[in-house]
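Working notes, beginning with the structure itself.
Each chain carries a letter (A, B, C, D, E and F) given by its place in the written order, and its residues are counted from 1.
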Amino acid sequence: MERCKNVLTFLGFDNEYKDSKIVVFGSPFDGTTSFRPGTRFASSIMRNESYGLETYSPYLDKDLNDIAVFDAGDLEFPFGNTKKVLEMIYSFTEDIVEDDKIPVMIGGEHLVTLPAVEAVYKKYKDLYILHFDAHTDLREDYMGEKLSHATVIRRIWDFLGDDRIYQFGIRSGEKEEFEWAKEHTKLTKFTCSGLKEVVKEIGDAPVYITIDLDILDPSVFPGTGTIEPGGISFHDMMEVIDNIKGLNIVGADIVELSPHYDTSGVSTAVACKILRELVLAIDKETVI
Amino acid sequence: MERCKNVLTFLGFDNEYKDSKIVVFGSPFDGTTSFRPGTRFASSIMRNESYGLETYSPYLDKDLNDIAVFDAGDLEFPFGNTKKVLEMIYSFTEDIVEDDKIPVMIGGEHLVTLPAVEAVYKKYKDLYILHFDAHTDLREDYMGEKLSHATVIRRIWDFLGDDRIYQFGIRSGEKEEFEWAKEHTKLTKFTCSGLKEVVKEIGDAPVYITIDLDILDPSVFPGTGTIEPGGISFHDMMEVIDNIKGLNIVGADIVELSPHYDTSGVSTAVACKILRELVLAIDKETVI
Amino acid sequence: MERCKNVLTFLGFDNEYKDSKIVVFGSPFDGTTSFRPGTRFASSIMRNESYGLETYSPYLDKDLNDIAVFDAGDLEFPFGNTKKVLEMIYSFTEDIVEDDKIPVMIGGEHLVTLPAVEAVYKKYKDLYILHFDAHTDLREDYMGEKLSHATVIRRIWDFLGDDRIYQFGIRSGEKEEFEWAKEHTKLTKFTCSGLKEVVKEIGDAPVYITIDLDILDPSVFPGTGTIEPGGISFHDMMEVIDNIKGLNIVGADIVELSPHYDTSGVSTAVACKILRELVLAIDKETVI
Amino acid sequence: MERCKNVLTFLGFDNEYKDSKIVVFGSPFDGTTSFRPGTRFASSIMRNESYGLETYSPYLDKDLNDIAVFDAGDLEFPFGNTKKVLEMIYSFTEDIVEDDKIPVMIGGEHLVTLPAVEAVYKKYKDLYILHFDAHTDLREDYMGEKLSHATVIRRIWDFLGDDRIYQFGIRSGEKEEFEWAKEHTKLTKFTCSGLKEVVKEIGDAPVYITIDLDILDPSVFPGTGTIEPGGISFHDMMEVIDNIKGLNIVGADIVELSPHYDTSGVSTAVACKILRELVLAIDKETVI
Amino acid sequence: MERCKNVLTFLGFDNEYKDSKIVVFGSPFDGTTSFRPGTRFASSIMRNESYGLETYSPYLDKDLNDIAVFDAGDLEFPFGNTKKVLEMIYSFTEDIVEDDKIPVMIGGEHLVTLPAVEAVYKKYKDLYILHFDAHTDLREDYMGEKLSHATVIRRIWDFLGDDRIYQFGIRSGEKEEFEWAKEHTKLTKFTCSGLKEVVKEIGDAPVYITIDLDILDPSVFPGTGTIEPGGISFHDMMEVIDNIKGLNIVGADIVELSPHYDTSGVSTAVACKILRELVLAIDKETVI
Amino acid sequence: MERCKNVLTFLGFDNEYKDSKIVVFGSPFDGTTSFRPGTRFASSIMRNESYGLETYSPYLDKDLNDIAVFDAGDLEFPFGNTKKVLEMIYSFTEDIVEDDKIPVMIGGEHLVTLPAVEAVYKKYKDLYILHFDAHTDLREDYMGEKLSHATVIRRIWDFLGDDRIYQFGIRSGEKEEFEWAKEHTKLTKFTCSGLKEVVKEIGDAPVYITIDLDILDPSVFPGTGTIEPGGISFHDMMEVIDNIKGLNIVGADIVELSPHYDTSGVSTAVACKILRELVLAIDKETVI
């Protein structure tokens, strides 16, 4: 008798790296979180809880069993060293992109998006960002720090520049951030209305999707660091997925699940289902 | 001085058996639950928490104090013996039906619906089922088992046959289940739209209502075994009740409340209110 | 080196008393709560958690930093002595009103509204009440007690009389209460529809706003004493605020947050944001 | 077929009133609780959870099935009216004592002990009190109130006088209370040492036992209003029971379980087991 | 670039099967649990949480990194079919024993011990059982069922017979069970005193260790199905490990962790550390 | 009428800075926490919950009302910048020490102890450290980082050198750490035995006390980042306080309370009481 070790991947992401177009990995970092930390636990808990999911999506009429996704596990970060963490994410994402695969990252806090987008941008200079979030994330600095979950989109703008970033669902920020956005990003307050038109404008250009899950209303997603009542519903999010499924998505992430703050498990289930739908929407190669 | 023992019934269900048209009882069984168990606690916790309810419904403008309902308490099951449990439910329901009363069962997991429907069907051969749920529950077997919360509607179909089962709110299942449903049941995805027409079609025929509470969105009903984001709202459920109130309901159940997974108590309160409305909707004899 | 004591106020309410038009204070009383007590903790937890809020409202495009509000802290009550508690609230509110300021009270249970309205009424005899709540609160007595969270609006009617009280969002009560309301208050069931017209009718007359937070659906506000499924959404509440912002508000309160029953923290965050919006809506003096 | 209503009594307390020497009842009052309220839920949750207990005690080698105990359910109190609540407890206890039975009350907060002791004292003028508690409960008043959980033993002293009250396990109070105790009660700090001698001294005299469960260390009993680290262990409590089993106990209570503050359920299980042991220790009539 | 799948084993159990003397596996079954279910989650949560452990034990001065242990993952059971589950455990354990390795099983409820002991007994006819538990587990049947967590030791006695089973820490059961034990097992009430002598008596004979974690006091181990106050401390358990480390252990298990009932995570941490110590104590081959 | 702002200090620490010998402050930093973060919430929650404490200690027979302590509130740190945080703590502590006062810091994770000790050491070159902890904290680096909660005592040793550091209660670490300790610190495993002798040896020399609260058993202190079963009891900790009360304490801290992981509130209450006792033990100037 011979036996294999216990392999734990997100439900349905059980292919080999070389066979997969999409590579999922976790970035369990929450070092700049200003309120409730704990997004470091998101990816491992999502893997465990994903067994409650079906692989089939009645929304998209597609099945994870029909597509090739590799789950690379989690990066292991040094605690307390923000700079090194960002370098590790950059390097890991760069490898995936160079292998001509699509990185899908599970945060962690929103700052992890910065190095991932940088690595994708290295290859795709005409990159667009679709940013779904409750918060603007456009501060120049936060308590003196340039690198923060509250500055991440501003830092991405530093190299992407104007007219590349679309923001949806925004319902919290400083007055100055909303002012700044008027000139530099395309910001939609409260909802995701207008997304359909944006998708048309973008056409075939490469797109990075970053979903801060706190765009969702806390009624259905309480498990996050900064609670912002007034968000979109899960149905709205399914519509977002439906709208973006035709885009040329070259990278994506979902961030800011802090699972310990929701003992009911709903937030984790929500994150798992959105990940399933997102990956199914990114996939372009399924032959059914 | 003489004193009576402590009687605990669901709020307003304090009539005698012989005087009551409707008989409520609990089936605290969760033996085939595949994810989070605990529906065994639903009925006893609902009785305790029902004291926070008003007996009067502003939705239906009816009052529990005006109708005659008997609360028979909970069945006591042997743990680990699925077959015996189903026999006990069958036999108990059969007694109620033979006494020309209407059984309203509080689950437990969804498998408890199977023997209850069988017992009702014994008397009403032209029975219809209205099935409200997040899940298809149409598998032929689950991990090799024919009797499971995931196969319960398929097992009911085994004796009811085609065109008797209407499914609403379904948002999760295997691809094969959705395919199978196309030929054998009338399945509505995601919502309860079309219910009004179905009610008209059914007319005076006897109907059994089975409500898997996970049809509700987990934002308002997190306390259940398998969390499925994307469900209907409580308002939608009140509309369902309003639509079915004219039907000839000969049996009903509400299942899958797992109260320990919702420490806020909201799920239990939701289940209690739905039970109040359901019983008020079933009642046809009130003279106000 | 000299150092100051640790001051804790609700976010942005850091002005001096003499400079402030609006005075916020807490009334941590839950002595007549019939189900789950704990509203005594609301005001102190809201102060702590308010640091997760932005001072800027994208709804109203106003900023707490631009208006003058004083946070007077919490009243200290003797436990178990309902009458004395009510006297203390009356006297405290009276002082504020006499200083020509606007009291905004954080409950506590709903009974605290009675003395606050009495003190405001002493000055404004033509006062209107806008009452937002899940419950009628119109009982003549509750288990024999005249002073109760379940009788508070009836007690207010005792001195205000007919045609002065508007009730919105009501979805629970005894049949008799709904009947009584038909003749004495203007009650809207389930929603806040019609509010816009009411605002017009009231015009410049002085208004007291009392928001029992359980008007909200428990999906987004589980942290309260009596859970009533079927409430309004947070978006609906933001619309309420938008509608009342033109009124001549001379007093207000938000009551019935019981924070310990919501370990996720969502209910507290909801209460904090509503308080921010309410105060911004009351303010008439901002020069931006 | 005829069926009976659902009876809910504490495990093994299923005898009739007339046959029982011991009468258990609940006093769900927490109106003067100064920190975390919720002892109102203790008795009903204990009844529900008692089904996890065995009726047999390996400590005392006695079985609840062999003794006659009646569970009278809970008193129903008006909220917010402390005086009326105390009168109701007095009257109920008086009836039991007059019927020559032994009252065993489940609190509620500690103030409920006052009327119960008064009613017992009416019959037994040479009554002793054994008081097990973390707190002295000897204040003359608390925030101006004479009737409070913090003054209850002082109020009992008002009619019992010196040398009648033994206090054990005390580890919290004002300096003045400890000073006062030196002259008026027999107070043992931190532990229950010396209990054996006290039992001998008391001999056959009638004794009332009041157990504030917060005498236990919060490691094993977190579910209470005021947490006081440094208490006795469950083993210590079993020794207490063993020591008092020979006494002529004419009344008893266990108070201050606040079950919602312990989601693990341990505190409730502890309270249930102590109640089982206490009742078995009080019983003198078992013939085995 | 090539990448491996995410392997998840209990901390330090990362060897290959063929190299390992000890094989750990999970049996996530809780089908006969009579109170709070959930032991099905124990093994997977223990793997996740084991990363908080050190591999080095200061108790035994040994390190998991120095010994060879294989973690085989969890068995996958059909829900609701008790008999088939037991067959699967039997067959899996049998394979391990035939390969001359030592099975260490993580439950699940206590019934999983039955087939594991049967498989070990097949090879070692002179087997002894050391049973650590709060409960006797000696019922002939439980609610009519012969196979139950409450009958497991009785079922083991059916084939092992008298004088083979030592029970420690027992503090709950029916009177009849304690009586029965006097003739058929060697039962120690409340504590583990006498263990040292038992170890001497057993000498080199093969021993199976079964640890029902509810032997621990609920203060340190609340996360279990049936809470029994009055258990042993963690220090006591470390002494148990120290005492048994010289025995010829040919099989072992730790059962009855129900992690969802302890949101603090303490129970899982306790189970993880006991597993570390148990495995280090079983190991006889380390050369340091 | 004039009114003051809401001041929130730890119970009884309500003196002015200039009048106080002892200065308490919070360092809400948890940036290098490797498992469960959240110690950032400790100081603010302790202030809120301290109102459940008595100011009088029956252990030491002293009262906080009789001594002069100033509560300076919390330092405000930039998130994600470990180095700057340490500088801020150093500078703040330095000021206190230069004013000839005694700093008592509330963590935060254990790394905050490093700059506090450095600032105290600047003045007292013959400083001793009494280190109470579950963990050695003696790693040279942790995942490559020199500054970490797991290296803090090693970093202190870097400037204090051999024979200055006493460690008590240690029950977890790498084998290498225990080996290293044999030559460089005086480490006591598991308990605080020998403390009395150490106190004698130290005599009048200046001492810094650092208490990592995870030295306590998780039964009474679950609210911490890394749970280590097998710790000391609260009684043991009171003995520690009793033993050190004669020392010349020139600085102290208590760290590693992570309050969100203990929803019962016990851990916070434990931390509050230890802080009360520690401050009373440090005080040398009370004239009673």
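As a working rule, a residue touches a chain if its C-beta (ideal position, glycine included) is under 8 Å from a C-beta of that chain, and two chains touch if they have at least 3 such contacts.
If you want to know which protein each chain is, UniProt gives these names: A, B, C, D, E, F = Agmatinase.
Keep in mind it's a predicted model, so treat the numbers as computed, not measured.
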Quiz item: Which chains make contact with subunit B and with subunit C at once?
Solution: A, D
Exercise. Write the angle of the rotation needed to overlay subunit C on subunit F, where the fit uses Cα atoms and the result is rounded to the nearest 5°.
Key: 180
Exercise. Please pick, from A-F, C-F or D-E, the pair whose interface repeats that of B-C, with more than half of the contact pairs identical by residue number.
Key: D-E
Quiz item: Over half shared or under half: which fits the residue numbers at the contact of copies subunit C and subunit D, same or different?
Solution: same
Quiz item: How many angstrom between the C-alpha centroids of subunit E and subunit B?
Solution: 39
Quiz item: CA centre of subunit B versus CA centre of subunit F: separation in Å?
Solution: 56
Practice problem: Specify, in ascending order, the residues of subunit D that touch 2 or more different other chains. | Solution: 36, 217, 219-220, 261, 263-264
Quiz item: Tell me, which pairs of chains are in touch?
Solution: A-B, A-C, A-E, A-F, B-C, B-D, B-E, C-D, C-F, D-E, D-F, E-F
Quiz item: Considering the complex alone, what residue numbers of subunit B touch subunit E?
Solution: 30-34, 36-38, 40, 76-82, 84, 111, 142-145, 147-148, 260-261
Self-check item: Interfacial residue positions of subunit A with respect to subunit E in the complex
Solution: 1-3, 5-9, 14, 16-18, 44-45, 47-48, 70-74, 95, 98-99, 263
Quiz prompt | Residues on subunit B engaged by subunit C in the complex (per definition of touch) | solution = 51-52, 54, 56, 58, 63, 217, 219-220, 234-235, 238, 263-266, 269-270, 273
Quiz item: In their complex, what parts of subunit E are in touch with subunit D?
Solution: 35-36, 170-175, 178, 189-190, 217-220, 222-223, 226-230, 261-264
